[in-house]
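Here's a structure for you.
Think of it as A, B, C and D in the order they're written, each chain with its own count starting at 1.
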Amino acid sequence: MNGPMVAFACLAGLTLYSAWRVATAPQVTHAALFLAATFAGVAGLFFLLQADFLAAVQLLLYAGAVMTVVIFAIMLSEMREVESDARGWRSLLLSPRLGIVPLVGGVGLAAILLSAYHRAAPSWPLSPLPAAPDSTRFIAHALFHAYALPFEVASVLLLAAMIGAIILTRTEGGAKG
Amino acid sequence: MLAWAPLVPALPLAAYVLHLIFGRRAGERTALFGIVALALSTLLSLAILVQVAHGAAIDRSVPWLRIGGLQVRMGFAVGPLEAVMLAMVSFISCFIEVYSMGYMHGDRRYNRFFSNVTLFVAAMLTAVIANNLLLFFAAWEVMGLCSYLLIGHWFEDPANCRAATKAFMVTRIGDVGLLLGIWWAFSLTHTFSFAALPGALGAMHLPAATLDAIALLIFLGAVGKSAQVPLQIWLPDAMAGPTPISALIHAATMVAAGVFLVARTYGIFLLAPAALHWVGIVGGISAFIPATIACVQTDIKKVLAYSTISQLGYMMLAMGVGAFEAGIFHLLTHAFFKALLFLAAGSVIHAAGTQNMHEMGGLWRKLRTTGATFVVGTLALAAIPPFSGFWSKDAILRAAWASPDRALYWLGTIAAGLTAYYMTRAVVLTFFGRPRDAHVQEHAHESPAVMLVPLVVLSVPAALLGWVVDRPLRQLLTPHAPAAAAAGVYGFLPLLLSLAGVAVGLALYLGPLARREALLRSPLVRPVYGLCKRLWFFDDLGAVVMYAVGLGPSYVIGAFDRYVVDGVVNGIGWLAMAFGRLWRKLSTGNVQAYMLTMVVALAIGLVALQAMGG
Amino acid sequence: MIAAQGIPLVAFLAVAAVLFCIGLFAALRRANAIMVLMGIELMLNAVNINLVAFSRYSAPADAARGQAFALFVLAVAAAEAAVGLALVIIVSRRRNTIEVDKIDTLRG
Amino acid sequence: MNFGAVWPEIVVSGVGTLLVALDPFVSAARQRWFGYVCLAGLLLAGLLTLGEPVGGGSVLGGMVTLDGFSMLFRLIFLAAAALVVLLSLDFILQRGKDLGEFLSLLCFATTGAMVMAISRDVVSLYVGLELLSISSYVLAAFLRDESGSHEAGLKYLLNGALASAILLFGLSLTYGLTGQTSIPALTHGLASALHTGYAPVVWLAVGMVLAALAFKIAAAPFHLWAPDAYEGAPTPVTGYLMVVAETAGFVALLRIVDTGMGPLAAHWGPWLAGLAIFTMTVGNVTALWQRNIKRMLAYSSIAQVGYVLVGLAVATPGGVSAAIFYLVAYLFTTLGAFAVIAALSVRDPGDAITDYAGLGRRSPALAVVLTVCLASYVGIPATAGFMGKLALIGAAVHGGMAWLAVGIAVNSAISIGYYWTVARTMWVDPAPADGGAVAVSPAGATSVALTLVGVVFLGILPQAFFWLSHWAGAGILR
């Protein structure tokens, strides 16, 4: 086990364990915290892959902005009936709605994906190629040249999403929302 | 004059538009739109017929669509066959509309009736002059739609709706075949043109099986429309419509369109002898079985309906044995005498207020004119010389005798005897003997002149058309055909059987009732009688087939229907409903259930792709 | 600087695949609509691991595409989350619940 | 960087921004002007589209291709959006909602669809798809106080987001296999990946992309979200989703699957064929059970999707052009039906089929148009739907999949059942005692008339559109 291998194992373990807890933690607040941990783990994986810029965006956008919105939403919806997710291991194995059927679906899909990868494994590269020295610069270059159109469209998209979120949530004329 | 032929359908179409716009305001005067237009069409088509008789013909088209390198043309063509059909259709429909003025008087949907009839005639005439299968098919579908609307004219009675839907669905089975045949032929030859198709198909040196399949698919359309066995089950039910509709659409014109289709694509059938033989077989069976069923019907319109199927069978039989011109001849004579019979029956129903012949009897005294015309029609249908039916039926059976498959001749000949028998039975039950129902007798009165005039007018061609046009028509349609082979004594056998049929009918039905009942109880007759009464189980069979493919409406299921819960909504195949219900249940409203369904489908797809792609 | 030297590409792919399925599992099982959304966010994260890993292991000329793609996925995911949470807030106000299996008046 | 190629998109999104910016300054009484501004913008964008050169090459860093396909579909989306604007003016104003915001979201969604039409790269195609989808989620929930509307929005979003994730996973695999995101490059890259040991992963990518796009077009069994979303959404939005969102899904399917995965057609063709038959059957048989007209039309639209899929499944140029033609026919037919439904529900929100009793007497014009649209759905001659079915049946027979043609024929026979119910209710059943004549505004009447003209024109003189769809579909399969 060399250094990168150990780092990879730790980050992968953190990511997958936290993700599992997002799916299974009885308390919604706990699940939200594990979600943040998952995002951080993914950012770490990006870092390991020398995608520094993406790692930073991941931390800022997800662990920062998205998590804030999640917490807000949980508070705004006043935690109503959140307990009904508070079903532990027992429901995971017994409840068709909240456990066993989704579990079989997830595990089945994972098995399909992994087996396909396994059969293609001899063809995948074993080691990364030398990376560009400055990932931020080459992403910027790509965004402003090849991907200029989607970049502009994405800005329209964020505008549309913002307008949409405002339209949906604002309260009108003093009436209770 | 020939170049004006598109006006023949265009005039009724214009009348249809007038019906739509002014119909409601015009009250019962609305009928005049259609009658005037059809009178003009009749004059025009007679003029065309005269020109065609002198050797003129026309086939004109314009480019309509260009898809890739393909060009589809639209246009019309008039030759001998089309000219004869145009004249017949416009003439009969004009008089039927006149008759309907009286018959439908006071109906709450008077305008709707006339507008639909006019649209139907426009579509029928379009189908006749179309020079390509595509336009023909479009008009053919509009005819089906009008037939559907008119069968269900009195839709307050659910039985009528049921009959309408049954007719629509059953004929659609044929239409699916026809459409596939059209597309198949088109994809091979890149043309829809009637004139070009046989040559193009013939030049391709296709395997015989392909040609047979194309011809049989086209024939399937004809089987549906012309109510041939086994798709005949819709026609008797279609009698639920007003009687003028039965006369026009379900006797004289639309049902004959199937025969016309075979005649129009005869070049294709000539390339496929096996398919042509099947046309003859289906025709022979359709001539025979419904004739037996007609012998045991009590409803006067049902007798005529089964007789129509039987006569259409003769026409198909003629096509199948290569006697193209004899088939068209019979189509022509049949159109007149069967329209006459239906209109006369309508007059009887109008007078008696019932369709059950067992409640009639002795009406001759009250309905002289109607009775006389009905008898003329009967003699024509029973093929008693010199009435028109004799000439055309004789031509068909002579040709059948000359053909390799003599079984067809025997089927047709026996059916001729049966025809004479059941028509004699109908006449006697209706008009002669002692009145069986005092109320009916009291109520009966002769119909108004507006109904009687068409009857009298139609009875002239019904009586005389046969020997008048026999030779000219043959020369017009097949100028170079050899004279029919001499059939010796077998040429006279059909006539003898017809006379025998009349004699048996008179003997049984003018005689005492007890003799008839004794006969029915005899072990030899009873099973045959039961089989005929049960319509040879065709309706049951049809129901089972429709049910099995989940295609037909559930109420086609005839007897079974009564046990199916009424809640099974307005009639689509029970299987389709059950399948739909299953999918509706999956739509539970729960998002996660939807997601799960999606994921399961994805997983199945992925596994299958992996397994198949390796 | 730690680099991914010595780790085969398929290891990253496997992590992404498992993360994708865990996200799916969360989306299918959590009753709370917010958590369903978060499950889908996990799936999008898995997509991004895929994209970045592929980009790192492919020719330099192709590398930028994967990372740019991943950036668009991030931006879209944020927008989707914003609208999704707005919808959840509306539903919670009108119905006093944010449990997806109780939001089922449209059906059949 | 030259943005000249995307002027139409810039204009439409610019109008969207303008409407929302002006919104606070315009009094409620003058909101109708937003509609006219929006229509003018869409018209301008249409003219600009027509003025674009059609070269087939790529511009904007390889993101965009200006071929016949992109031009035709841009125009389709603009026309559909303009019709929806016409039929939504009164609907939205009558409910006291903010027309400016509604129309701006409509413009954004249309921008997204147009971006999809011109994209030759999966990244811009994906971003366009998401712009369309996210705007659509908000539009579906626009009447947020009505319980159906916000429920529709939430369900649409959750399902749509899941489908997006699956689509992205598939696309990330195609990127990994080829190193490319441009669609023409995928065409070659995927074919060669098949022979270098990556076959199992290629199938994963194909399967996931197909499933996700099947979701977007609402093909069974990925359709379960659609009836709920379509029933609950505001009526004009339902029309918009059925036409624009589904057509955009077909654009993605044509570009990514037919073009990008073209060399694998022998593998996905049969799957699409199966999907087509299954979708049309499920759509039709489930529609038989519906009592709500929007929900019934939702299932009917699923069935129509099945018909269009036939054209894609045969994977021939004729099939592609038949599918494109059918999409145009479907546009007019669906928007015609929704123009009538929206005109009726301006005042009366009832969507049950029984609410249409006696419409033939209360408003013969609307009833005639709806009947014509239903006839077009069934495929009665002289309507757009008939020509479309004819083209599809022809393509299926030509492409050696005659059984698909039989499927279309049998299914259109089944579909008569439920379309007939509506027609009978309108023309036969007596009107309710309180049902007076229906008043239709000029905007509503215009949308009804335009769609009627479209349906009948396509049914009688389809030549021009056959030619257009042939021209547009020419570059799809290679």
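To be clear about the criterion, contacts are C-beta pairs under 8 Å (C-beta built on N, C-alpha and C of every residue); 3 or more make two chains touch, one makes a residue touch a chain.
Quick caveat: nothing in here was measured; it's all calculated off a predicted structure.
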Checklist outcome for this item: Of all chains, the one whose CA centroid lies most distant from that of chain B is A
Checklist outcome for this item: Between the Cα centroids of chain C and chain D the separation in whole angstrom comes to 27
Checklist entry - What is the distance, in whole Å, between the centres of chain B and chain D, each centre taken as the mean of its C-alpha atoms? => result 42
Next on the checklist: From the mean C-alpha coordinate of chain A to that of chain C, what's the distance rounded to whole Å?
Outcome noted: 5
Item to check | Between chain A and chain D, centroid-to-centroid distance (C-alpha), Å | outcome: 31
Checklist entry - What are the residues of chain B that contact at least two other chains? => result 584, 587, 589, 591-592, 595-596, 599, 602, 606, 610
Next on the checklist: By the touch rule stated above, which residues of chain A touch at least two different other chains?
Outcome noted: 97, 101-102, 105, 109, 112-113, 115-117, 146-147, 150, 154, 157, 160-161, 164, 168
Next on the checklist: Touching at least two other chains at once: which residues of chain C meet that condition?
Outcome noted: 13, 20, 23-24, 27-29, 36, 53, 58-59, 65, 68, 72, 76, 79-80, 83, 87-88, 90, 100-101, 103, 105-108
Checklist entry - So that we know how the chains sit together, what is the shape of their touch graph: line, ring, star, complete or other? => result complete
Item to check | In the complex, chain A residues that touch chain B | outcome: 97, 101-102, 105, 108-109, 112, 115-116
Checklist entry - Given the complex with chain C, which residues does chain D contribute to the contact? => result 123, 126-127, 130, 134, 137-138, 141, 144-145, 147-148, 150-155, 157-158, 161-162, 164-166, 168-169, 171-173, 175-176, 179-181, 227-228, 231-232, 289-290, 295
Next on the checklist: Residue numbers of chain A touching chain C in their complex, please.
Outcome noted: 2-5, 7-8, 12, 15-16, 19-20, 22-23, 28, 31-32, 35, 38-39, 42, 45-51, 53-54, 57-58, 61-62, 65-66, 69-70, 72-74, 76-78, 80-82, 84-85, 97-99, 101-103, 105-107, 109-110, 113-114, 117, 121, 124-132, 135, 138-139, 141-143, 146-147, 150, 154, 157-158, 160-162, 164-165, 168-169, 177
Next on the checklist: Under the definition above, what is the set of chain C residues touching chain D in their complex?
Outcome noted: 13, 20, 23-24, 27, 33, 36-37, 40, 43-44, 46-47, 50-51, 53-54, 58-59, 61-62, 65-66, 68-69, 72-73, 76, 79-80, 83-84, 87-88, 90-91, 94-95, 100, 103, 105-108
Checklist outcome for this item: Counting only contacts in the complex, chain C reaches chain B at residues 24, 27-29, 36, 100-101, 103-108
